[in-house]
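First the structure, which I've put down as structure tokens, then a few questions once you've had a look.
First chain written, first letter: the chains are A, B, C and D, and each begins at residue 1.
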Amino acid sequence: MTWRFGLFDSTFAPLVSTHWALLVALVFPLLMGGLAALFPPKRAWPVVLASVPLLASGGVLLIAFQEAGLLGWQWEIAGLILSLRLNGLSVLLLLTTQCIVVAAALYTPGHFRLTEPGPLARWLWPLMGVALSALSLIWLATDLLTLYIALELMGLAAVGMLMLSGKAPALLAGMRYLLLALVGSLTYLLGVALILGQWGRLDLQGLAEVIEPGPVAWFAAALIGAGLALKAALFPLHAWLTPVHENAWTPVSALHAGLVIKASMFMLLQLWSILLPDTFYAPRIIAWLGLLAIVWGGLLAWRTDSLKTLVASSTVAQLGYLMVAFPLLLGPDIAPLPRALAWEGFWLQLVGHAFAKAAMFMAAGNLILATGEHTLKGLAGTSRRLPLSLLVFGIASITLMGLPPSSGFTAKWMLLEAMIITQQWWAVAALLTGTLLTAAYVFRMFRYSFDETAPRHRYQPLAPGMDLIAMLLALTAFALGLLAHFPLELMHGGSP
Amino acid sequence: MNAAWLPLTALATSLLVAVTIFALPEEARRLRTTINIGAAVVKIILVTLMVRRVAAGHEDIFSFQVIGGLDFVLRIDALGVMFAGLSSLLWLCTTIYAIGYLEGSANRKRFFGFFSLCVASTIGIALADNLFTFLIFYEMLTLSTYPLVVHRGTEQALNAGRVYLRYTLSAGVVLLLGAVLLNNLTGDQSFSSEEGLGDYLNDHRGLLTLIFILLVSGLAVKAAMVPLHGWLPRAMVAPAPVSALLHAVAVVKAGAFGILRVVYDLYGIELSVELGVITGLAVAASITIIYGSLRAIAQQELKPLLAFSTVSQVSYVILGIGIFGPFGTVGALAHLLHQGLMKVTLFFCAGNYAEELGIHRIDEMDGAGKRMPLTSIAFTIGALGMIGLPPVAGFITKWYLGVGAIQAEMYWVVAVLVASSTLNAMYFLPILHRLWFRPGPSHGKGSWPHEQRLGRLETHGWLLWPMVFTALISLGAGLFAGLPYSPLDWAARVASGEYLP
Amino acid sequence: MLASFDVIEVLLALCLTGSAFVCLFDRHLVRASCFFFVFAGAMVLAWLKLGAPWLAASELLLGVLLTGLCFFYALGLLSPGASAPLKHDKFSHPWSRVAMRVVLALAWFVMVGAAIRYVIGDMMYSPAEHPLLLAGVLIAALALAAFALHRHLFRRLLAFNLLGSGVFILLAGVAGTSAAAQMLISVGLLVACLGTMLGALLIRQLLHLEGVEALGRDGKPQRSKA
Amino acid sequence: MITLLLALALLWPFGVMGHAVWLAYRAPEAQRDYFSVLWLSAAWPALLLAYVGEAQWTMDAWMLGGEWELNSLSRPWLAFTALLWSLAAVHARGYFAAEQAQAQRGDQDAQRRLLRLALLWPLTLLGNVLLIIAQDIASFYLGFAVMTFAAYALVVHTGTQEARLGAKAYLILAVLGEGLILGGFLWSAGAADTLMLQGVRESIVSAEHGAWMAALLCLGFGVKAGVIGLHVWLPLAHPAAPAPASAVLSGVMIKAGLLGWISVLPLSHAQVSGALAQFGHWMLVAGLAAAFAAAVYGVFQRHPKAVLAYSSISQMGMMTALVAMGLVAPDVWPLLWPGLVLFAAHHALAKGSLFMGTSISEHLPRWPQPLVWALLALPGISLAGAIGAGMVSKWGVKAPLYEMHHESLIKLLSWAAVGTAALVSAALWRQWQQRHQGGSNREQWGAWLVAVIAALLTPLWLPLPAGSIEMPPLKEWLGIMWPFPVGVLFAAVGWLLTRPLTGKTLPAGDLWGFYAFVVGAVLVPIRAFGHCCGRLKSASVITAQKAEETLMGHLTRLLSGESWLRHHTSGLMMMLAVLLAALLMWEGQR
């Protein structure tokens, strides 16, 4: 399992250009964020300019990986070993992150122009930069220290971004999120402490070799698991998520729901695959919780009156899909085929959901912005006036529902197949129930929007690019269904 | 020579139209109309090309890999071309009709966009070569028809849309489960493979039966088989062209076509017989036929009556599948087309009555034959076809079904057919009587509910000519069923492919 | 047994535990903040004792100075013009909740203790040999319980800081003061400090916007849709 | 050439219909001549076709594969059919003259009725022609169905209460009949995988359930042919229909049923199975029963057309019996069928002229009364076999039966002819009672006269195979003629006997009342069941709605648990960690 995360020695050393690309990917966002804090962009074109080198760095890394396979970096600073690696999965996640952050950044100027966000708005840029760097680092890092640093950076940046809107409910929700995130990190740190104390090293590759199942590994896994579950909003620990999104700015929500919580999920899976390669029950606990998450999140989204809560609760349910796949990835005696299927399905689901959720938040944001209403009932008649936003919402929700030909569908197909091979019928039931529940809440929203009998509002016109960006994201999520071969191919290669 | 571009172009034609229409502004009526009709004509030309290529024995395949062991495949085969031909022909008619029908109403861009998407889905369903591809377009169809069903945006329409989704999405989930189970058992199974699933019979009899039940029950929702038909009569609140499309081509036919694919191309007819599922199918279809007719008799309004008639008629196709033997198959396949033609005519007529005279209820139709003779003649042709009277196309299929049933020694099927004909007569003949033999507002007795003078002729030309065209085609399909490339001939060609090695 | 008894360490441990206890469970917020100073000071000494002067310096700067000031800022004591300085936590908890938290804290204590027992094999035989470690476990458990128990945001912030310190002591205890451990701890300290600053700002802002009640609203069912 | 004529014969009626439509929508009201010469000519090409000669056509493109034939059977059949249609059309022009005048004055109702008739008359004719020449099942069924359903307009023409009842009875039985025919055809054709009538005949012989197939088909065609039990529409529809419509209905359309039997039954087939022969016996019995019962019941009718309808039933009963002979005694059939065709043709023309005569007696021309009444009686007398073509046709069927020694049947048929005589005399008597002067016109009586003459001279113009029909030898004349005076006598005696009961007559359509009662009784529980289902459904809908509401209430309460979760997140995190640790330890220790 650990080889799938690229925890083995690379054959080739990275080229110089690759070094530069890495540097750009990790540092450039910080620079640009700082710059933007000084000179906040009023239009989208500066953002476009800034994103070109960034995306180029992602592209260079992709090409480098395709040419050389796994790439590794290692530095020793004052007795500390920091190491990074670039495998197919990290390239995929890195590109996803860059795309979504760029999209969010492009969306932001238009959003600000329409909302009059107040004096704090300029701080969004550096925080966004930090979040992007931290996320990129998480996908690349292979030692617990770097991961910890990146996790904390990301967490703080996320909290900061979420609270910038400055309203009281946002602050309250943000405060809760802040405290819980910090406590989660400390719990994680406690687990790391145990690992460090027992094995005396922090690099994952080395740990993967030395760690044997035993009480320390288990305790560490439990602590790390609980801490990261809190940060990833896994089911019983998810409750902080919805209020946070309820009041946050649209691009921030898109980033957070799409990427930030996924980072914790990624770390959880990565660390557990090292610590608990052959446990039977722990992944199942997560999966059962995932089952509950699907149902609970779906019900929450179904009964809610607020559009943003709907979208946020749907994240809870969608994370359930990922959780349900845990027993297929971790545990003893999993045949290679279902494991491979589940692995690909898991990441496809994650990536697809990231794009779709970002698009959905943007579409929801657009609808709210244009109608000035936060409730579903306020959407009445939007199908006539805001067809494009609604279409984006629809395309994104196809992915969430897992209807073909979206990436959600392909991922679900693979997961289902893996579940059927391993005879996990309850997981099958969970996935299928999830589809229906998702459809229930999505179409509840559409039902309101198709209502032609409601009185007409005055609609605020949207900035030209806002729907377009969301549309691109949604279409990406959609197209990844049929073109799943390309991202998944990235993850095929690279076994030692 | 493999013309991979052909299936792809056929699919892309309507997809691109959908995208273009969404991109155009609402006001660009003329351009939209041009694009719509142009694309429909192009589609017909493409389908004609396909027919020629299939007749010449070519097999054009377009495919690419989605994930390991799972491909997206479009293939032109005789059965698919049949469905594609139906949908492209009726697309043209319905588009023209819809342009006339929605003249001056709101949300036309959305309507035509999803309309095109809906047709693209049916083409995809027709050309899909494995269950995965089929499923993609099947669900796409569900989604693209929802906005059409709720188009009017009234409370009733929205409720109908909800019911529609409840049924179809649940069915989609069941279908998905069946598809994944099957994929798991057999790997990627092409519809074109000759073997069928016979190899798995010995070891996985129960599983195969289970998968069959899952697949068919998933498809049966769209095919509106009792007791899964509840959405169809409710979906009647949609505008007439939508009802026409839903009933004649897109949705119910997609379900029936899916069952055809499952039985003939996926399982193989021999295996289906071996599993014994086919008799169950025939029984279920018979129940649906009788139930639908009985409910139709009780209806007071025209469109629900036609809806229940659809419930009943579509199951003829299923019944034909349930009859083992070439005649049953020919009947099923031919009815796929015939019912489409006749039902679309009937719905066009119902729409015309509603638009021109405001008629919704059956008892308002007295003497409408004088006021709208062409519409009423078309309605008469459709109704007679539904009853199964010659020379309308309905007779041809009824004949083949009956003969097939006799040859399969399922004598009760003949009783069902005769009973169904009689019941159909019981609800259609009174309407015809009202149309032609009762004095009504056009004879100076009372007045029409809401009369509009839409055109120089009895109604708007855009509404009139598609209907006349489909009526003539359904008449011609019966009268000249023996011509080459007629629906019957094509059905026989497909059936011979199924039964002859 | 007595031979291995290090008086200073024990005293430090006692001092840490005691100040932490008061800090966590005193409803008088200013007093609790003052005891945080005591606690942080003891932490500085503990780092020195453990042979990590670099950490001691960071603790002094980040833990004592900045964090402490943040608390006083949050209480409204630094800016005289600020509205309504916080004095007391007036939120009450039902008994069931308290009992639940006690059980959880015990379980947590046992778990962490057990984990450490496995890492440091000999601790079982001489728990008193590692008084700081023991104090760390205790503080971590107490702080977490307090964090889960309190509704007042200020007290939760305080509890979080103590939890952090407890975890750092544990880390140092099990992993020694290797470069990696020191690095982890310094990052943790920095993050805790940043978090506290952010938290303090938030608390002030909330007080300004919504009043004292807002600080304890967490978890209460939201007011029915207006 | 002959093909062209065929096309003309089939397309001409369409031209006529087109003309009618043109009239209705384009011509000014006052100039609408619904019964123009064009309209009258609808059946002429078909009549011509019958005399051109034998021919055969095969068309693969036509429906299920078309095969049409003009052979020794279909030619005479077409001839008398087309002739009667032509005559009836001319008669109709006279008959509807008053109504047409009304329509030209602008009466909407009259316009509607006449247009309907003008349109559907040629269509009915077309169906009739097609079914005669068709040798494949689809064409035959097509012709039969077109004729059946188009004729509805002919029956319902006046739109009165009685007409609607008659039309309803006609239509219900027609639908029933169509269903039976379809079932029978499907069964027999399916069993033998054939599309031709020839194949059906073979199939019935060879198939295991041949008798049942034959029964289905016979009953189906029997609706049209007025087989006893299914005959009820005849006495209901005829009195209500206009005279020319009655003439074609009773004259030729009813014969379509007979032709159906002849086409599908394996008559003259040597190896008929026991069951089939048994079926033939039943059919024989049914035919004779109809012949007698209709006569007995019919003489008590008040309306002359109802009496004539019963006469038709009686006559068809005789023909049924003769057809049944083809099954019971196959060897007699080759000799019998020309006689039967002549019988049918003569009956068609005679019954046609009798029905037209009813309209003459209602509008008596200003001729010497004895002459008129003699002319009115002539076809009746001929029908009873006393003179002219009737005598020849009687002999035509008697002779073969004699030859094959079926004397008992001859005796029965002779007694049935007594019934016929009684019926026609009763009809004439009723006409006499209900006579009216004036209002006649040329076309009306002209067509009637020609029909009378044609009826009397049937053997002369009917294109039967040469030598198949001969005049009866003189010594047999008495044996043929005696039923007529006996029948008249019976009618008179019967009239005298029933005089005390004056004012009370048996209702037309005898069994209709019974059927209506039975169906009504059956429908009651079905309706009740339907209502019950409806109530059940609405009740369950209400229950479901209530359950949904309750469920939603519970769900809302359940979802308020979200805030509890939010409140206890950190505690839950601790719990999760502890739980995971405990679980892992437990699993590890095992």
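Rule of thumb we're sticking to: contacts are C-beta pairs under 8 Å (C-beta built on N, C-alpha and C of every residue); 3 or more make two chains touch, one makes a residue touch a chain.
Treat the numbers as computed from the prediction; the structure is a model and nothing was measured.
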Quick one: which chain's Cα centre is the longest way from chain B's?
-> C
Quick note, more Cb pairs in contact for C-D or A-B? It is A-B
How big is the gap, in whole Å, between where the Cα atoms of chain C centre and where those of chain D centre?
-> 102
What whole-number Å value describes the gap between the mean CA coordinates of chain B and chain C?
-> 70
Report the inter-chain centroid distance for chain A and chain B in whole angstrom, where each centroid is the mean of the CA atoms.
-> 42
How many angstrom lie between the CA centroids of chain B and chain D, rounded to a whole number?
-> 36
Each of the following residues of chain B touches two or more other chains, namely none
Where in chain D do residues touch two or more other chains at once?
-> 563, 566-567, 570, 574, 577-578, 581
Mind pulling the residue numbers of chain C that touch at least two other chains?
-> 111, 115, 144, 147, 218
For this entry, which pairs of chains touch?
-> A-B, A-C, A-D, B-D, C-D
In the complex of these two chains, what residues of chain D are touching chain B?
-> 21, 25, 59-66, 108-109, 112, 116, 138, 141-142, 145-146, 149, 152-153, 156, 159, 171, 175-176, 178-180, 182-183, 186-187, 189-191, 193, 530
Parts of chain A lying in touch with chain C, wherever the complex brings them together = 78-80, 145, 148-149, 152, 156, 159-160, 163, 166, 168, 171-172, 174-176, 178-179, 182-183, 185-186, 189-190, 192-194, 196-198, 200-202, 214-216, 219-220, 222-223, 305
For the complex, which residues does chain C have touching chain A?
-> 111-112, 114-116, 118-120, 140, 144, 147, 153, 156-157, 160, 163-164, 167, 170-171, 174-175, 178-181, 183-184, 187-188, 191-192, 194-195, 198-199, 202-203, 205-206, 209-210, 214, 217-218, 225
In the complex, the residues of chain B that touch chain D are 298, 327, 370, 373, 384, 388-391, 395-396, 398-399, 402-407, 411, 414-415, 417-419, 421-422, 425-426, 429, 436-437, 439, 443-444, 478-483
Spell out the part of chain A that touches chain D in their complex, as residue ranges.
-> 176, 180, 183-184, 187, 213-215, 218-219, 221-223, 225-227, 229-230, 236-240, 242-243, 276, 279-282, 285, 299-300, 303
